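Structures given as structure tokens follow.
Same chain, two partners: subunit A is paired with subunit B first, then with subunit C.
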Partner chain A sequence: MIPGIPIEVRRRFETPARIVALVCGVIIAASAYLPWAYGSDALDDVTYLGGPSFIQFIALGMGLVLAGLCVCSMRWPRGFGRIRIGWIRGARSLGVGLLVAFAVILAAISVELGGTINIVYGGWIGFAAALIAFVATRFLIPEGRPNLNRLGTPGWLSILAIAGVMLVMLFVAYYALDQSNPGTFVTFLVYVGVGVAVLLRTGALGWLTAATSVHRRVMLLAAFVVAFLFPFTQGGSDANMSIAAQVLIFAATAMGLNIVVGLAGLLDLGYIAFLGSGAFVAAMLSGTAMATLDIHPPFPVTMLISGCVAATLGLVIGSPTLRVSGDYLAIITLAFGEIFRLSMNNLDGTDGPDLTHGSRGISDTGELSLFGFNFGQTHTVAGLEIGRFANYYFLLLLWLVVVILIFTRLNNSRIGRGWIAIREDEKAAEAMGVNVFGLKLFAFASGAFLAGVAGAIKAHVDISVTPDSYVFLQSSFLLAAVVLGGMGTVLGVLIGATLLQLMPEKLRFVNEYRLMFFGLLLVIMMRFRPEGIIASERRQLEFHDEDEELAERLDEGNVDASRGAVAVEGAAR
Partner chain B sequence: MIVVQALVDGLSLGALYALIAVGYTVVYGIIQLINFAHGEIFMIGAFGAMTVWLLVPGQQLAWWMLPIMLVGGMVSSVAIALVMERVAYRPLRNSPRLAPLITAIGVSVFLQEFVRLFYVRIPGFPDAKANVPFPAIQGVTGTAIRVGGLDIDRPTIFTLVALIVCTVFLYFFVNKSRTGRAMQATSQDPDTARLMGINVDRIIMIAFAVGAVLAAVAGTAQGLMNTNINFKMGFIAGLKAFSAAVLGGIGNIWGALVGGLVIGVLESLATQVLPHGSAWKDVWAFVVLILILVFRPQGLLGARVVDRA
Partner chain C sequence: MTETVTAAADPGTDGAPLLSARQVTMRFGGLVAVDKVDFDVYPREIMGLIGPNGAGKTTFFNCLTGLYKPTSGRVVFDGAVLPPKPGKVVRAGVARTFQNIRLFANMTALENVMVGRYCRTSSGPMTSIIRGPKFRREEAATRERAAELLDFVGLPDVSENLARNLPYGDQRRLEIARALATDPKLLLLDEPTAGMNPQETRQAEELIFKIRDSGLAVITIEHDMRFIFNLCDRVLCLVQGRPLVLGTPEEVQSDPRVIEAYIGTGAEAQRTLDSDPDSDPEGGADA
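Take a look at the complex of A and B:
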């Protein structure tokens, strides 16, 4: 990508560079004990001498890791036996990461306190050390690709690893949602990104994926348990839970779109219409004073009806897929989304039958009540208060699990392989006897069904349903979640949906600019990493077909069953 | 009478769509890319014309402002279109189909937001978050001309004249000039064209520029017609113009012109003749788009068989 330093120069300076990087790591760690800013309002109060704040503690840890990587690379340059570890690779990405982190930290301090004058010597020392460490790590020569995933792992250790990963994830979610200071939030996100990058480059992430994929069920169960426990960390506060509920709705919908776009390769730009139709149907059937239909079945039935209405719409819009493909299909779905929005606006009693109250929408859908459990009230479980949004959160979580199960089962079935065949080469698939038309229709219908049910729940979470919430921009957000996260993967889409929904909530100060950044992000992502944050290796090859090494590894089959395997550095080249 | 009036109104609307549709079709004909952000180029053209008008002191409304504004609109839209091609699309030329389409959505959102947020930052400029009143240039706005019981709006005349001028220009450019013939060659077979010594990159840039010039004319016409412009005007107009391009047979310039006129007349008829027409007119436009794509994807004049995955 960017031309590096010539290899001869690197050979000459490698040892001094390693020592410089080591020293810088120690300095960064030490700088955590110095004050970074004059005012306590910046970040999480980084003004103390000798008392690091949480943000500083992480910097301390990263500095020590950098030093440790340098030491290890001198002590065990060839790894252990046949196992190679990417010490230098990790150090190099840590060099970049620390520089970015310190740049963000200094920027946050200057913005929040007004001017660089508020940065105290500790911050400058840390930044200088990070800068020197970055330059020094550029001189290091990365070793071969790490193969920690070949390391045999005893069962108890992989279970322990799963538990560890889950705890870290719970903490990350808890801490990130808890931050009201945008600087701290961004810095924390950068830290998380750097941490993941270092794990990836050293090969530790490969080991984690290998170790956890053996116990996939345990992993899924653990993830579910952690997500289930999340509301209990909130101490009865519903503010974060409302965000979390929106994240889950968004994620469940994006997962449905993932079937259509990620698996079957049919670009759908009007997907929000399915969520919207589910929401409107549920609102019309809700039985409140605002509901327009005089039928109010119990909620499980409403959910089914919403899903079926959406699926029917999916069939209607999917039926042209027999004749058109590619870009034309995208435009048809886009036009369909617009028709949906306009129709919902027009079914107001003057220009059509009164079903939706037009642009005002159905402003009261009532609270859900299932088996005597009222979702609108606060409940107390084991001394902990569970508020309204937390109730809906549990319901949504349950639905998300169902969606993920459906997705993975479909993906691993004959149907899923048919979809992938269609995506890769429709004509060849047809020649091989894949029922192209049926499978395409099924992709549309099943994706729409999932979105419709999610919409039914969303109608009650939001209380009101208006056509304005189901516009093209929302469709493109959903598509972006799928594309940025990694098409066809579960984890990637979850991450993408979470990031896209969480960012605007937490970064109120850039709220005004968030759409602009979103547009820019799409362009940059397509340019530099079109396969998404987490890419299935098959998909990655599609975007980097000149990458012989990746192709060979895929051929060898040593990527095994890890469909959601975390992308290796194909894109870095 | 209503029907004839609707026809006249439809022609002006259609001329607008036709001017935008050429931009889609020219680019598609050469690199098979649906430049989703072309609607935004149209919007930028309108804002460019507006900007020039604001920059000339004294709030001039005389007729000679019109060509100056047109040039201003063209310069801004062409500049943005070329930057967009260079930065966003060119690096993706050989990537899978999905990538440029998603990039186009990104560019589209970015340009809209850019205008919305930053137009007001220029000192003395109006806030683009609301509708921006477009200058009523003398001669091309004002009271409608009555001809035998028909009301013909003055912007309508301007738009139709602009369409005719642009068509003539396009005809000579495409058929007579070296560049135009190089463009035709490139759209038929880019590889062979390159072997024949045609600079394909340059031709692609010219295709984007030609589309942008016509879009700027359309943007100015839209401003005169609606008396105001806003940052969202490109989305729906762009979508309908795309329908027009497909209707005429995408890749075919003359098809885009015919398709634009047909779509405009249809929309106008639907608005004025069908019950509740004004509320549902966009719905009809999109229904027509879907029907065309499904039943005649090669369009009215298109000989091109759409066969792509």
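Take a look at the complex of A and C:
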């Protein structure tokens, strides 16, 4: 990615480079106490001398970590006993990360206050130190792969680690959603990325996954509890909760697409039609004045009907077309998405039945009411207000858990093995008795079903259902979320969906140029990390076919660290 | 065709054949790849299929396994006509390996074999999602049987290794294990020793005998004449899609037409075939 420096040169300059990096780390930490900008509107007010803002505090921490890593790499170059730690690996990624972070910070200040003139000496010092630190870390020679994941961990420490991780995640979600300043938001995102990268490179993430994989159930439960507690941090405000609800809808739908694309390996470019059909069916059955069908079953039944209608559509489009594969299938699904949009636009009673009110759509779907609990009203639980979107958030969270459960269980079953076999070698799978056509069709139908149910909930969250919110662009965003996050993984797709849904909401300037922005993001990802943010082991190998070292490492991981202890996969499950 | 008793436990050719191909013909446009082949395989028999490159051996194999639908003629297996669908052929009890190994490279050895069990299990989505008793029972049985088969082919220690990382010989064994996982009555091996060293070839030979002794019939395509003549009860030689000779290894080995088809005519050819069958000039790919 970054051109390397010849190893001989590195050897000669390694010691001075280490000291330079150390000093730069300290300077960066110190620069946090200096003002970075003239105006208080940039970032979270970085104008004070001697009073770091939150963004500056994190820079301070990172500078100290860089210095610490340099010291540790001199003090314990071989780690402790058998345990090797990637001090220099961490320092190198932190060097890159700090440079990126400071570039983003300076850019944010210039954009928000109008020109680089608004950057004060503190900012320049920090940036210069980050630049020098980056160059210096390039001279360091990374040590062998860290093996912190082999470290034995007592149970209480694992539980503590899980609790810590969850608290950090809750805070990250809370803080990121709370930022109205785009500069702060992006900087914070960069910080999070850098933090994860450093943890990964030093091997700490490996330890964390190894330690937590023993208590996977606790981990999953904790994650769920944190997600469940999130609305209580919002104080009854609907602003962030409506975004969070949209994120969950998007994530649940992307997870359904993940079955089709990630597991069975079928490219579907019209997936949004299944979400749309679910939404329209739920709207038609909602029983409001705008509903077009005079049947209004209770919502659980509506959900089921929506899912089944979507699944039927999946079967209808799937059975004749699944005999073609690859590009051809993609084109047909693309056409299917368009057919859906056009049908919804034209089922307005002019020709044929009036089911959707045409392009106006069904503009009132009413509020959900389950077991006497009205989702439209604000409820007070233990003194904390839970608003309308928070109610839906809980329902969506529940559905997302169900979707994830279905996804992972299908993946780890006879059916999942069949899907992978088909993806690996369709001819061989068929010759081994795998029901190729049936499994592909089932992937299509089950993915459609999950999207259909998500659509039924979405119809009520959005209140209105119109054809133009289910267009090709949405399909491509869903696909982008799956590809960006990591096909076939749970965590990856959740992250991908969150990023793609959150960014346009939080960054108005991204919203205008979001197509360009996402396109660029995808191109960069495909160049440097085609397997996505979180890579499933198999996918990783498919993309790095010639990488024997990777294959062997995964093998090694399989053998000595029972199931799933390999960092990424462990987290992904 | 006269039939002599061979050294290995004689399957005998009386009784009903397990598989019988009648006048099987496969035409690709103007090219006749397989021309009116008659062919019987009896239970617990090892049948060899030889012939120079392009003789139509693999095409014939594909006709037997449902990958191709024969242009004319029919294949009867275990009393029923084989449908031209690979999936149904496997369920009927014919499993195969491939000439160029086609494992699921990024799955572990165990998973590869477990995929082979797919057609003999039936857990549906519902029981898979709720992890019902049927799912758990079948999954445990599948896992156990797969481990058993890995053990059977001599790969007990690599079950968690990715298939792509196995040495070449082990990949061949794994492919056999995967085929055996489908509970076949007839196993078709397409050049099982291609690219193997003499020791691995010997091990493969032992494995095939072991498979036969467990009650299966085996058909194998091979270029290694020593291997074929050691192993097989009967050998069919195909030349340009037509069956040339069918008989015991001794008969085929000494048949001048076979030698002519392989090497040409003359004393030089005779000597080459007798002394060094390994270095036959068509050691490479087959049509």
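As a working rule, the second predicted complex is superposed on the first by the 552 of 573 C-alpha atoms of A that agree within 3 Å, B and C clash if a C-alpha of one lies under 4 Å from a C-alpha of the other, contacts with A are read in each partner's own complex, and residues count from 1 in each chain.
Just so it is clear, a contact is a pair of C-beta atoms (placed from the backbone, for glycine too) under 8 Å apart; a residue touches a chain by one contact, two chains touch by 3 or more.
Please read all numbers here as calculations on a predicted model, not as lab measurements.
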Following the superposition defined at the top, how do subunit B and subunit C come out on subunit A, clash or fit?
fit
Which of the two partners, first being subunit B and second being subunit C, lies in contact with A:G418: first, second, both, or neither?
second
Give the label of whichever partner, subunit B or subunit C, reaches more residues of subunit A.
B
So after the superposition, what angle do subunit B and subunit C open up at subunit A's Cα centre, nearest 10 degrees?
70
Tell me which partner A:E8 touches in the superposition: subunit B (first), subunit C (second), both or neither.
neither
Once the structures are superposed on A, label A:V324 by its partner contacts, choosing first (subunit B), second (subunit C), both or neither.
first
Is A:E512 touching the first partner subunit B, the second partner subunit C, both, or neither of them?
first
Taking the superposition as given, does A:F442 touch the first partner, subunit B, the second, subunit C, both, or neither?
second
Determine, under the contact definition given at the top, whether A:L479 touches first (subunit B), second (subunit C), both, or neither.
first
Could you tell me if A:A429 is touching subunit B, subunit C, both of them or neither one (first, second, both, neither)?
second
Minimum Cα separation between subunit B and subunit C after superposition, in Å, equals 12
Common interface residues of subunit A with subunit B and subunit C?
425, 427, 542
Residues on subunit A engaged by subunit C in the complex (per definition of touch)
405-406, 409-410, 413-415, 417-418, 420-421, 424-425, 427-436, 442, 446, 537-538, 541-542, 551-552, 554-555, 558-559
Per the contact definition, I'd like the list of subunit B residues that touch subunit A in the complex.
34, 87-88, 91-92, 95-103, 105-114, 117, 235-236, 239, 242-243, 246, 276, 279-280, 282-283, 286-287, 289-290, 293-295, 297, 306, 308-309
Where on subunit A does subunit B make contact in their complex?
265, 267, 269, 320, 323-328, 330-332, 334-336, 338-339, 342-343, 345-346, 350-352, 425-427, 472-473, 476, 479-480, 483, 512-513, 515-516, 518-523, 526-527, 530, 542-543
Touching residues on subunit C, where the partner in the complex is subunit A:
65, 67, 86-87, 90-91, 95-96, 98, 102-108, 111, 114-121, 123, 125, 128-129, 131, 135, 138-139, 142, 160-162, 164-165, 178-179, 181-182
